[in-house]
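For clarity, chains are labelled A, B, C and D in written order, and residue numbers in each chain start from 1.
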Amino acid sequence: MKDVQSERDYRNIPLKHVGINNLKWPVIVKDKKNGTQNTIATVSLSVDLPHFQRGTHMSRFVEVIKELKSVSPKDIEGMLNDLKEKLDAQVAHCRMEFDYFIYKPSPVTKIESPYDVQCAFEATKNHEFDFILEVKVPVTTLCPCSKEISEFGAHNQRATVDIKIKSDKMIWIEDIVKVAEESASTPVFSLLKRKDEKWVTEMAYLNPRFVEDVAREVAVRLEANKDIKWYSVCVESIESIHNHNAFAYTEKGMME
Amino acid sequence: MKDVQSERDYRNIPLKHVGINNLKWPVIVKDKKNGTQNTIATVSLSVDLPHFQRGTHMSRFVEVIKELKSVSPKDIEGMLNDLKEKLDAQVAHCRMEFDYFIYKPSPVTKIESPYDVQCAFEATKNHEFDFILEVKVPVTTLCPCSKEISEFGAHNQRATVDIKIKSDKMIWIEDIVKVAEESASTPVFSLLKRKDEKWVTEMAYLNPRFVEDVAREVAVRLEANKDIKWYSVCVESIESIHNHNAFAYTEKGMME
Amino acid sequence: MKDVQSERDYRNIPLKHVGINNLKWPVIVKDKKNGTQNTIATVSLSVDLPHFQRGTHMSRFVEVIKELKSVSPKDIEGMLNDLKEKLDAQVAHCRMEFDYFIYKPSPVTKIESPYDVQCAFEATKNHEFDFILEVKVPVTTLCPCSKEISEFGAHNQRATVDIKIKSDKMIWIEDIVKVAEESASTPVFSLLKRKDEKWVTEMAYLNPRFVEDVAREVAVRLEANKDIKWYSVCVESIESIHNHNAFAYTEKGMME
Amino acid sequence: MKDVQSERDYRNIPLKHVGINNLKWPVIVKDKKNGTQNTIATVSLSVDLPHFQRGTHMSRFVEVIKELKSVSPKDIEGMLNDLKEKLDAQVAHCRMEFDYFIYKPSPVTKIESPYDVQCAFEATKNHEFDFILEVKVPVTTLCPCSKEISEFGAHNQRATVDIKIKSDKMIWIEDIVKVAEESASTPVFSLLKRKDEKWVTEMAYLNPRFVEDVAREVAVRLEANKDIKWYSVCVESIESIHNHNAFAYTEKGMME
């Protein structure tokens, strides 16, 4: 059969990315506590395409991901090397988004239950291997202004802390979650008995945080970790008093 | 050209709905204050198909909606009558989901600004015409339990009050929004200056409501309106202390 | 601490559903071939609330789901019984939506690869136990009208076949997927080599199907299965020639 | 009342963006044919925040957007200047996503009907004003490989052409849509009578395009327009034979 994809292209336009996306795939992720965790990734895989080739071979992306056993940075680098080889490409790229469960005891009654954080691995292999870990952590923020100006109460809400990092060493998802939770008014929990709810309510009130505060608290903690070469943080709160959200963003290098 | 859709079908399976959906369409909706409001609807249109006909004629749905000028219940009934005639159907059905803006002054400084509520019209024309108005109103809920058991503060969050009604008389979207807002801890606003934020914070604290409370407060108000023949209400709160939501649902007829 | 939820309510409004939703939870589902499959469910859990009680106890829903080991109909019935007991309720309700992977060889080269179908379990326990299995299967539809009226080619597209069934006997997700795929122009696959793509292209062309045809083909197959007491089927195609979709719906009992 | 936001911050972390997002707002956009078009934008507005200030004043973002009459690049630049002044910021940023309707006659019967394209304006005002127009156009792609290797037929599907451009001169949304449609196998239409459907089916078959082809055809056309200083194009097809998508991306500067 004719290989239409391998035809010569005369339009002289190189493509930065060609590939597949929105591919759901079962994956096994490293878990700090339990060794591994089964989850489902939404995957994007691509390579560059030189100006002289008409098309890539889309079925090979699925052939390559079929070989993937678990998804550590090293496994992903191996997969990207395979992609480059099988598709005769200079650069290969991968993004995997997945739910990941954190098991955490409630603050007073110490009942453990899971809650999910949305994570992503984003990796590029050129000559170098570039790997970004992304973790979106749900937390509570309580508004310092609302507390200050009101006789009683303070508006608060669920917020998301979206942290991206690059590091030469393995950084656990669990450790990024900890950074986010320490930086917020309080963490969220799946299961809170009445004593726990009292603790969470009072802790949030004693610990008011703007989205700006949370972003800076995260940045301070990430700056202190010498293994982290780059980070960004975006905090977004589902404002309880508005029908829109508030957000704050910073990244490594803003301080210099 | 051959009309494949009109072929005789021998499988003996009548279809309840055949039609189109996910059609974005510009529409003009009646506005209580300003006469009309331009918005964009996501539309589903369908008819029944008897067991002996192979397919419907999909292009006629778009021909019919092209004739629609504005979208009052009466206009929609007219469109459904056209659909029944053009497609030789017994029943025609329509659902239109759209954003609608409410213009409301802030509570203290009285600065007016818009915020959106998500609405839907759902209509069926058989012999009778059946019309449901749906309005999803964002509000604030403050947890009565959290307030009661804590020394200070109380968790609160954005919540959505989803009200559906049937009525023989015209009911304005604005009036359903009012019912939802009166039933919550406080309304939400797009623009709050500091004096307004103080008012909203304190009002919510003085007015704690479970999702169960809000659902019942809405039901009490809707029961009192003799024009409303049927309603349902679903209140869902984006819990600030959890990564999941809480909800409560009731509907007309539960009391009997 | 005071139990605010247990206060007497005087508004005289019973609630049909109170509970939690949007809870992500790791679950283990029965797999016809491999015994079990790990996946992640988005869960809704609720009970009824009598008119005289102010609120339900939301933390107990999470306590109950923590006890769930795997999610067969029997396990879910057990969980709903627990919910009724722990919350002193008459009716308990559960909905779990999850991705499920089907492993299928390509049609010619027989290379196996997984693709996901979106499933749901929806269960209610009153005196009786009512259980609905829902499976949304991606397929290809090729338009019979376009084929008939055109000199060459025919528009085709990805479509979704959404099947819901009630049965007294265990029905495997895999068997519902088979019904959907046999009813379409062709199945979809994750990995197709050139010989497979030729097969799929030609098969679709030889096998044109309106959404109406697919819905009826599914209905004919489900009617023939005497274990199935009730079903509904909705077929929706992402029309390649429009920016909207076409759909067809039928359900058990339309034929009588 | 105390202005908590204006407190001095000692954490030494400047923030790149602080502001609001997910704000729905009614806007009026310039229309090439009809002068203006009413639509609804989902808005993000932000400014930078220096390391020494604790928080921004979130209500001022809404005050500033309230003054916006229509949304040309010039109007948006004015709004960003206001934001910089009111919030004493160095940089102001805006993103508005909205549906926009194109009115187009069908190819043979020439019946005009609207279909929507998703657009965005993304603007930054520092010393310079930077403005990106984004238009996502639905089209049809027919696979050249499938056509070549098959006896009859060829798989085809809806695809999206996502084009972003920077230009010193006003570029109409309508003109970007035209570029996308000329580059695809065929355009999509809201209303096609049988003669139109024949035309579209045959045209697509005569005009097979990989996502790679469409991306390059768009690039060739945009390179030829000397007003366009920068562009990117991402073509994504909802593959009719898979449950995942294929995509191709290129941008200005790849050729050098």
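Keep in mind that, in the parts below, a contact is a pair of C-beta atoms (placed from the backbone, for glycine too) under 8 Å apart; a residue touches a chain by one contact, two chains touch by 3 or more.
In this text the structure is predicted, and so the values were computed from the model without any measurement.
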Shortest contact path, chain A to chain C, counted in steps: 1
Chain of greatest Cα-centre distance to chain B: A
Rounded Å distance between chain A and chain B, as computed from the means of their C-alpha atoms: 34
Rounded Å distance between chain B and chain C, as computed from the means of their C-alpha atoms: 25
Residues of chain C touching at least two other chains: 1, 23-24, 115-116, 145, 149, 190, 192, 194, 198, 242-244
Footprint of chain D on chain C - complex, ascending: 115-116, 138, 140, 142, 145-146, 149-158, 186, 188-190, 192, 194, 197-198, 200-202, 204-205, 238-244
Touching residues (chain side chain A, partner chain D) in the complex: 1-2, 4-5, 9, 11-24, 44, 46, 49, 51, 54-56, 58, 144-145, 148-149, 210-213, 215-217, 219-220, 234, 236, 242-251, 254-255
Residues on chain C engaged by chain A in the complex (per definition of touch): 1, 3, 23-26, 38-40, 59, 62-63, 66, 99, 101, 111, 113-116, 190-195, 198
